[in-house]
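The structure follows.
As written, the chains take the letters A, B, C and D, and residue 1 is the first residue of each chain.
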């Protein structure tokens, strides 16, 4: 006689607890009583050679892990997603919002372009002008750079934000830049239009909570080893605090393949859209690490349903202080934008 | 004083041998003499605090692994790809060939469609007619099915091939079917138009060699843990024996992400096309495992530069004996083909 | 009102079908009737805001994938393992069996050692003698070599088996060698004492079935991308045909880490032992690809509960035709055996 | 005629730049001049059908990525490790240091044990006493908990540190606890004996730099997708600022295998020890996620050469607020310690 518990939580989380077939009856009773003691109500039971007991309870009192630690438990299966605010189940239509008068999501297809790192006034303004001319909607530029090596260029810091502001003034393009720690949060809220959380910070929960309390859109890049569920949970951290303007950005996951820097997971686009109402962007530059892959992957991202792209453009990649290998030259970016417009038309989307 | 050897093989393979910085001079000399003894010629040397010795030799006499086994060797780096026939370097233009009068590669975009498994005459003919009407160029159908469980349906075997032939006769669509072992090779050469090597057989080298000796196009699916280089090497096994009509088919790799069955690696398309001249197809059905992901991934594959698609279509997926979850119904396939034609037009390709 | 189906199969497989919360009642009814029509009996139902319907049925009539293809189904969860003969649930004690009078499993700790490839009579006999002197129980040697490149040494073939037989005659050590295809099965059954299935052939189901019909122990290496469950399922293929003498051999899985050739998954040892009664061996040579890692990983494997090891030993690794980098020299192997004996004593196991 | 550049950096970094075989001579000249313009000196050149140009330069002037962005460059290979302070090459003997009079590294084998989360005074003191009695050298306890879900228990915060201090006062065991952000750094420096950086914070470079400036030992857990090199680079961030007391702790990497929570990579122990002089610990609790795997993996870690372990112990795992499934009960921990002492003896190490 096998026994399973089907537990319905008040907040909508459901779990199934499968008991080992050789568990003594007395131990099964003890588990059942333990669950009842925590305020669970038994809901139904019956069976031929398998009993399923339904329980209704409160999430706070029962933890999946602590149930799994019971020696007679074979496995615990969770039925429903652990996120709420980001869940499409409770928000069936797509999230669409505005950033400085520019629409994100829905029929809009947004292109964020610019250099990996802000290096000089001349550089950032020159690139900003050229990507604007080609039809980009936002300017990207790194002021704080997470680098694997402490000996690599770490970005211009707050001075870099100043140069981005000059470029915004010159071109009117809103700014997207990456934040690495809460100590510069005030500056980012003041100066930046979309605050980017990098892949390495996707589970910097202290940072996510603070971003949830500010009134700026947040773009969360997927961590290199983050499942789709964990990625959405990071958005949930921000949304739980009251900030609903969250964008998810796929930028490649780490797999065994080393030809590309990472493996761009474009199936994450329909996957996220099935599970969540949040807009999904794609970064074809960092994920592949090679400029000649940006065009095919950018087109593919649009075709797969992405709401936008984040692309590195540099006026002289050979001289870039960082990530030159993956940067497009302005003329290549211009050609790409022309093709993207044709693709967008098929999908009924508008670029810029 | 650091020492490295730069070895140029006669067949174009180059390797760099980096010696440990603390290696005694006498051991370095011994390694050098050992290499010379195997017929290598010393080509140049010099330096300030690092010596690089250039050697020219014959592939057969030196093995990367056996050099690496020397205790003074820190690492061995290979410079060039180990494949020749499949290498774009020696065949700069795309491979384009014909299968029963239908072009593969170049400006052709080919769609292979049909049921995962051949189940009955009625089923396969009905699906064949409908996919043909929607514009598919080839009929797929599994007669021999590799299944993880010995208790699952293993396919109809040779009877399945007979039903596929009936469907071909009825519709004119050439047949694509998977071979699992050499003992049915004669039947496949006789009956099938493109012989498919499944992901699990990608490194069944005995099978690959035999396929290289027959005069039928071969489509090699990428193994779940196969690097792009290993995948091209499997094509090389077939081509080395004289069969040049090889198609590579991306079908997802195994990563930590479990939402999708596998992770479809669309960046493999431009990667393979950079390295090799062979046509690249994509299977969006097996890779994702979910029918509602087939459309976005099929469009993305075309946008990323694929030469064709392999799609599962079943008239009643709920009743399929295998892989129903990922099969499109004929009407959904028809809608997909309509959108694909628009995409193909942008890329200057012709479907069907 | 949410609905789930809890399906108990006659053969012990259970599954849970979770219906989308927004599914129309009529569609839920249709699914229920469809299941009943396939011979399922409704067993119980009830609930407050979630209905769980219990069903009892026959495996052959219902396929997990075809249920998942229904548009109202959110997910299908499988409760129990799909293997039977290899399942510890139905065979609680460890499998222990004999090969030529030598015990495998239980209190025995077996060491298989020898060269990667058989290269010459002198080489194989010399290595065989030395590993025997150090305490190895079995001689390994590759006659048929699966190589990524068609231009690499492919092994001596049947001639290699002859040399192994000479070494067995000389030393009394039973032979372990890898089979790549069914066409040489008769020779292997005749000549070899344990037939090895390599990682790349782990899902060569045609081969596995044939091995199940012969009366020789089979050692199945884990595929580079094989889950523990899939690996046990490959053992199930052999056992289903009547051959119970199966050994599983962990040899590293493919991950993002490239420092080691593969990532040796030692936690697979307790995992397999929890799920299955079969003996588990470990190959520290192929998994790491570096001779200096063999010792620590061999000791760790024993400590983690392995029943045996497979280790490459070569008298002059620098001259090996294959995989020299990972081969131990006889004197290093001898030192290793000495330490292993101390470890075995702690674990109450006997080597040799 | 192929061309490669072999570049020797002043700081010891070497790289090889391989030029595409079809690159026009004029472009190769341009690249060469570009390199010379950046202050590189040409060191040697010559060849038959392959030219290798040796260059000597300064790291700051040349970036691997910007060279790779040149269209004629086929690939760039880096020869040497990018870390210095953590590099065994420049510090051949093992790092051994003291923490509150207890030795870490060398002949010491240290066991850190305690609950996942600090939950109450009674809990932490009771566990501390029992792990001390069994021979643990350090007490672990989480006060700040990184949790995937914002709805999960997030730890007791600074109050948790107070309880740990009480437990230290009671038992004399130094405290190990995880820091999540720089805003509580002062409290950690004041209260904690070894500051732990969690897997998700391994590349929180802002945090690492600050930890480098304080005078407390730092234990850095390996990120779920971190290569061995990246992990050592995170230690380098701390060491560059002047803090040499760094421990690396393997805790499982993310792979396709889902039976275990993560895949414990024990081969990382000899790998790190080859490359770096830093002590390496292993956490068998978090990596496997299952209490019954802790014993075999703990023994294996010692056998593979680890300098210590970090193990979760909870007096009633069924009631744990976090990670109960992986916690050992005190009596199981006690048994484990007894076996570990036998293993340590073989390896000539002393526990506690």
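Everything below uses one rule, namely that contacts are C-beta pairs under 8 Å (C-beta built on N, C-alpha and C of every residue); 3 or more make two chains touch, one makes a residue touch a chain.
Chain-to-protein mapping (UniProt): A, B, C, D = 3-deoxy-D-arabinoheptulosonate-7-phosphate synthase.
Please read these numbers as outputs of a predicted model, since none were measured by experiment.
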item	value
Listed chain pair A-B, A-C or B-C that repeats interface A-D [over half of contact pairs the same by residue number]	B-C
Centroid-based (C-alpha) most distant chain relative to chain B	D
Chain C and chain D, separation of their C-alpha mean positions in angstrom	31
Interchain centroid distance [CA atoms averaged], chain B/chain C, Å	26
Chain B and chain D: spacing of chain centres that average the CA atoms, whole Å	37
Touching two or more other chains - residue numbers and ranges from chain C	225, 253-256, 258
For the chain A and chain D complex, residues of the former touching the latter	34, 59, 63, 65-70, 82-83, 146-151, 154, 180-183, 200-201, 203-207, 209, 223-225, 230, 233, 236-237, 240, 253-254, 291, 317-327
Partner chain B, residues of chain A touching it in the complex	225, 227-229, 253, 255-260, 263-271, 274, 287-288, 292-293, 296-297, 299-305, 339, 342-343, 346
Sites on chain C touched by chain A in the complex	2, 4, 6, 8, 14, 16, 18, 21-22, 43-50, 52, 54, 56, 75, 77, 79, 89, 254-256, 258
